[in-house]
Amino acid sequence: MANASEPFSAPATEKDIEILNLLELEDEARKVISKGPFGYISGGSGDELTLRENIAGFDDHMIVPRYLTGLDEPDISTELLGVKVDAPIFCPPMAAHGLAHVTAEAGSARGWGDGGCLYTMTTLSTLPIEEVVAASQKGPKWFQLYFAKDPGVNRELISRAKAAGATAIVFAVDLERPGNREADMRNNFHFPSSLGFPNVPGVRPGESLAEIMQVFKHGLEWDDLAFIREASGLPVIVKGLLSPADARDALDHGAAAIGVSNHGGRQLDNVPGSIVALPRIAQAVDGRIPIFLDGGVRRGVHVLEALALGASAVGVGRPTLYSLALGGWRGVHAMVEAVKREFALAMKLSGVAKVSDIRPDLIAPRSPVRRLSKGS
Amino acid sequence: MANASEPFSAPATEKDIEILNLLELEDEARKVISKGPFGYISGGSGDELTLRENIAGFDDHMIVPRYLTGLDEPDISTELLGVKVDAPIFCPPMAAHGLAHVTAEAGSARGWGDGGCLYTMTTLSTLPIEEVVAASQKGPKWFQLYFAKDPGVNRELISRAKAAGATAIVFAVDLERPGNREADMRNNFHFPSSLGFPNVPGVRPGESLAEIMQVFKHGLEWDDLAFIREASGLPVIVKGLLSPADARDALDHGAAAIGVSNHGGRQLDNVPGSIVALPRIAQAVDGRIPIFLDGGVRRGVHVLEALALGASAVGVGRPTLYSLALGGWRGVHAMVEAVKREFALAMKLSGVAKVSDIRPDLIAPRSPVRRLSKGS
Amino acid sequence: MANASEPFSAPATEKDIEILNLLELEDEARKVISKGPFGYISGGSGDELTLRENIAGFDDHMIVPRYLTGLDEPDISTELLGVKVDAPIFCPPMAAHGLAHVTAEAGSARGWGDGGCLYTMTTLSTLPIEEVVAASQKGPKWFQLYFAKDPGVNRELISRAKAAGATAIVFAVDLERPGNREADMRNNFHFPSSLGFPNVPGVRPGESLAEIMQVFKHGLEWDDLAFIREASGLPVIVKGLLSPADARDALDHGAAAIGVSNHGGRQLDNVPGSIVALPRIAQAVDGRIPIFLDGGVRRGVHVLEALALGASAVGVGRPTLYSLALGGWRGVHAMVEAVKREFALAMKLSGVAKVSDIRPDLIAPRSPVRRLSKGS
Amino acid sequence: MANASEPFSAPATEKDIEILNLLELEDEARKVISKGPFGYISGGSGDELTLRENIAGFDDHMIVPRYLTGLDEPDISTELLGVKVDAPIFCPPMAAHGLAHVTAEAGSARGWGDGGCLYTMTTLSTLPIEEVVAASQKGPKWFQLYFAKDPGVNRELISRAKAAGATAIVFAVDLERPGNREADMRNNFHFPSSLGFPNVPGVRPGESLAEIMQVFKHGLEWDDLAFIREASGLPVIVKGLLSPADARDALDHGAAAIGVSNHGGRQLDNVPGSIVALPRIAQAVDGRIPIFLDGGVRRGVHVLEALALGASAVGVGRPTLYSLALGGWRGVHAMVEAVKREFALAMKLSGVAKVSDIRPDLIAPRSPVRRLSKGS
């Protein structure tokens, strides 16, 4: 989308899709999503080093399976902040699902909800919170908050999210200003004028992300967490942390959980891949509150590995938008089921009966592989 | 084989083949084996990370040769669980050799037997145990057991294997359910309806591997090892272990040997390459029982390295099927001789006179190579 | 430029240029700069291992950002040897800007000066010191000295540099003789006969770099630093050091600052990348004098990382010549603003309010990434 | 050379050649040497892992240069086992130079001798020892001995070598039987019937290397070193060692020097690259006798690095044959001068005045480079 005034149309197909693996969704989605929006969704910042490490970092560990445990069928269900879910995976907050499909967040939420998994509603959704929830009665919901300059806006958003059934607030702390996302710069990407952000007064269609973010507070601080806790009365997940020191601060300020994330490699490039940052944060948190991770999760073994390293659940972001573009809510549902299937198989094949049994001794560091031989 | 009802024909050539190295066999075999069966044979699970590490992991170590030892011709023969063999290599269990050649397991067993090496008969062979043995009087035999739900089936299989001359039972513990093998999913692979699995009542031609595995017990446990030991009165090799803890458990439960294997990278992806898992298992076992390894062995130096790291012998799997496809039993025999020749040369050139002299001080860890220079 | 007598013409365009990132400038500049000069500017020595490590070495560390610090807009200004600058970046000494643009050093100096940043005048500039300064009243200046055999020449150069406003002397110690720069050998590169080096008597147009260096002292020693300090009365930066021992010697001999540099990978190949050498030098210097670094800086995150590892400011070399070729002083100015923008964003997104707050705990070593998965 | 009876003609050009770097010689030589002989010369064994590590291993270390040392021109001359040479480089033993050029060893010896460097005459030369020496009066000579089964042959060879002026015997211990050199197998390489090995009775033209080696003793032992020492009265270099234990044994048995070598990666694949093996051998030898290294030396910085890690001089093998093929003795001479020039420049640019000043503190281990960034 080189220009906000150019006509834009999102895919509208609704169908089951066959998913061999999540990695292949990207190339398929590229064929159906417009160039500008696809660049916005798929791109990272700078050299995309962090974007790549998000996935590649999972190769730093290997799974050491156990056998003859008597396990037939593992139980992949779990509980996230007091809410039962069918699997320790969730839809992390992403803006503007309307770029990927005409049903926008309604499609994504239904796909995740029908899969029995948690969906995160967002401040910058292209549908109002209420419509998202209406489309998806199944599956618990969280609400991600970008903290507005106007406290009234924040109170209103929180109030609407609670009314819509949100059981926790995700406080996104890492995007006051967008990273240098070169795909967006190259495409001069603005959100299409036909897409609005109806949850937030003051955000106008056709703006760039940098323009949109003017509505939100710059210079966020820990007191803002206090505000959200008080205004919502809900558990608050501080999302976007990569440093153990910040994790300790979050604990001290009453966070209910930590969201380890680098915003999909879209904010500051060269920060750690999420799975790379996780162990030191888990050590700092020491089990006192749950840790959720997003970034690079594409495989059932990735879910297993993240949980072994200390996460309670992991978000699966871009594949949500790709599967939404390819099949609407049915596409998302197929994607969620694919991850559940791979994760259940990974538990089965590594001899783990239930989610709470996934412990650090299930994995070991992998030494670099040399690849010197012809066959390597 | 996109569909079990499609006509299927396996290669039928019988001839000597020239083998420069085992790695090149794969591309040659791809030309003569049907797509579905070739995908089944060659593929791994998931991202095939473990499949690649099976071979690449051998580059993590280097051989430090000795000279002026007075050695002319090394003796590569050895003894495996009390049985003399011409070399510390064997044919590991693989299902359905009939996919690769019309002579199926009869060809493979004869090729290995004529090479003076041990062959493992399997539960899921496309020929009955008795026909496999009839085709190959030379060379000792083991029998690999998939543990059936019906104890009577297990007793019957063990009894037939003993009658056929099996000197040990290989208890395969890592495949109650197939890994996510994407080549098979892509090809919708089912075993051809013209191929049967005559050893096992209840397995029907034209099924997928997942369907076939319904006959076998899910939720295997250590007591099943006790059953097999008692029913057979033979040494039992517990095959498929990758964790030192499991190796210690195997010792405690009376295993006669450990089989380090990741099922050729076909079960859970992201587990250690076999050669990567070996050292910690060897440390746990501490020489009390032998360790056999399969996965990624393609070179004489690989055999040498695995033995230096604690294995007593190594299986050579896929190259068996590839050479079978290319030349029937004569192809397999040529492949076995090629490995023996490379291994003998490796012993000679590193100054080791006999198999029992291959010790850890023969190798050293290799540091990652930088490959920064033009010539690198 | 295969031959000094061949006609040579440098680009002359003056215009703003759009800069997505500095890395892409090289390919653009290749299109407008003649082959011989481009080889001279872009090439390294030998296998160009050090040239590549200059950039790649930045990947050895990752930035661990902090959030909720209350920071809105970071202050990227700083002070270098007592002089205020808008950002901790500067133009390092490079010879013969006339190869890249008809305005030569006048263009570069104006671009950097208008950006509020420090520019280093050089002994081997294609314009006289006085003309360079005349073109650029804004921004502080340093003067880089190649130490002539004739002490009178050195005194004269220093005196002119002081008169032109230089606030420090950069004593370049690493080029008595050029490295084996294969691009120059391949192109038989001589400086074009239409370009002179008016600052230095005895240097003739049309010479090779090796010929030019005959005017300068071979066998430089620490006493030469004493001479420069005395003759100039200015702080002297000893530039080109890579060894902690040399850094300690520089301290002992009264250097005002250390310049960590490998001459852009153009002198001895296989020496450390600048960012690789920095930590041990910072440890030796222990904060007693500032450290400046050049080599491989292409990103705002590189600036941040170098400062976290102990540098006070970093030079941005080749991109100066590339942007000069593409747009004259306006191109250089755009490049400087691009680096400032990326650096400000990196500070913002990592939660650092001012330059003096950039400390070692902002970064952490990055472990090698495996890149084994399909998506890696 | 698919067949010994096929006509064979070696290059015959004699001319100066321009050498930008030694690495590029291989591709040039490939154009003028017949396929079979080129495969024999350039190939390694097995997966050529060791062949590649011979060069790539040099990247494991970086040179940390010193400045302001007062050094103008370094002195690259040195003394090898009591003999003065112009540089610490030499021609290591290689068989059958006649494959590369009609002048065979006469050309190589003259090229090295005119460069003031040491040349190693060989048992398997295509010219008799006496003709080689006659063609090259300058430069000292060593003689490499393959130890024949017949003691009389060994005495005769040693006696002729002494008469021809050999000042040391190189006892090659690593080739009783050729490694699995796949290029030779692929090409069914036999030495051309027009080339003889006149030094050794019993070796017939048109044989393969394996056939030729039947003349020599299999089962070499340390007593054979005693024989050579006694029969020659000359210092004996035991060449082909890679293990510290063998180096200690060599010391105990009166070796005058150690030759660290893996036979150019042509014997056992997967042994350490020469530069990789060097440090542990240097530690074992602890300066009591000199160490010579060959394998992968292509750069002046490689020579510097090997000497810093404990070698007294390094051989430059394949580039000798490549430059011989391209220009006869003048080609070899140009190559020797190129290495000397690069090495002198490396000493100059790293601040080392003489060969005996090259010490371990000149280098440091290089950490793996990540290559994650776009520019990396």
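Each chain gets a letter, A, B, C and D, in the order it is written, and its residues are counted from 1.
The definition used in the following text is that a contact is a pair of C-beta atoms (placed from the backbone, for glycine too) under 8 Å apart; a residue touches a chain by one contact, two chains touch by 3 or more.
Keep in mind that what you see is a predicted model, and the values were worked out from it rather than measured.
Undergrad: Chain A-chain B contact: same residues or different, taking over half shared as same?
TA: different
Undergrad: Since chain B and chain D are copies of the same chain sequence, what is the angle of the rotation superposing the Cα atoms of one on the other, rounded to the nearest 5°?
TA: 90
Undergrad: From the centre of chain A, which other chain's Cα mean sits the farthest off?
TA: Ranked by distance of C-alpha centres from chain A, the top chain is D.
Undergrad: Between chain A and chain C, what is the separation of their C-alpha centroids in Å?
TA: 41
Undergrad: Could you give the separation in Å between the centres of chain A and chain D, each centre being the mean of its C-alpha atoms?
TA: 59
Undergrad: Multi-chain contacts only, two chains or more: what residues does chain C have there?
TA: In chain C, 21, 23, 47, 49, 52-53, 58-59, 299, 366, 368-369, 372-375 touch at least two other chains.
Undergrad: List the residues on chain B that touch chain A in their complex, please.
TA: Touch residues, chain B against chain A: 21, 23, 46-47, 49, 52-53, 55-60, 173-174, 176-177, 179-180, 182, 185-186, 218-222, 224-225, 238, 240-243, 245-246, 249, 267-272, 276-277, 296, 298-299, 366, 368-369.
Undergrad: Residues of chain D touching chain C in their complex?
TA: 20-21, 23, 58-59, 62-73, 299-301, 305, 341-342, 345-346, 348-350, 364, 366-376
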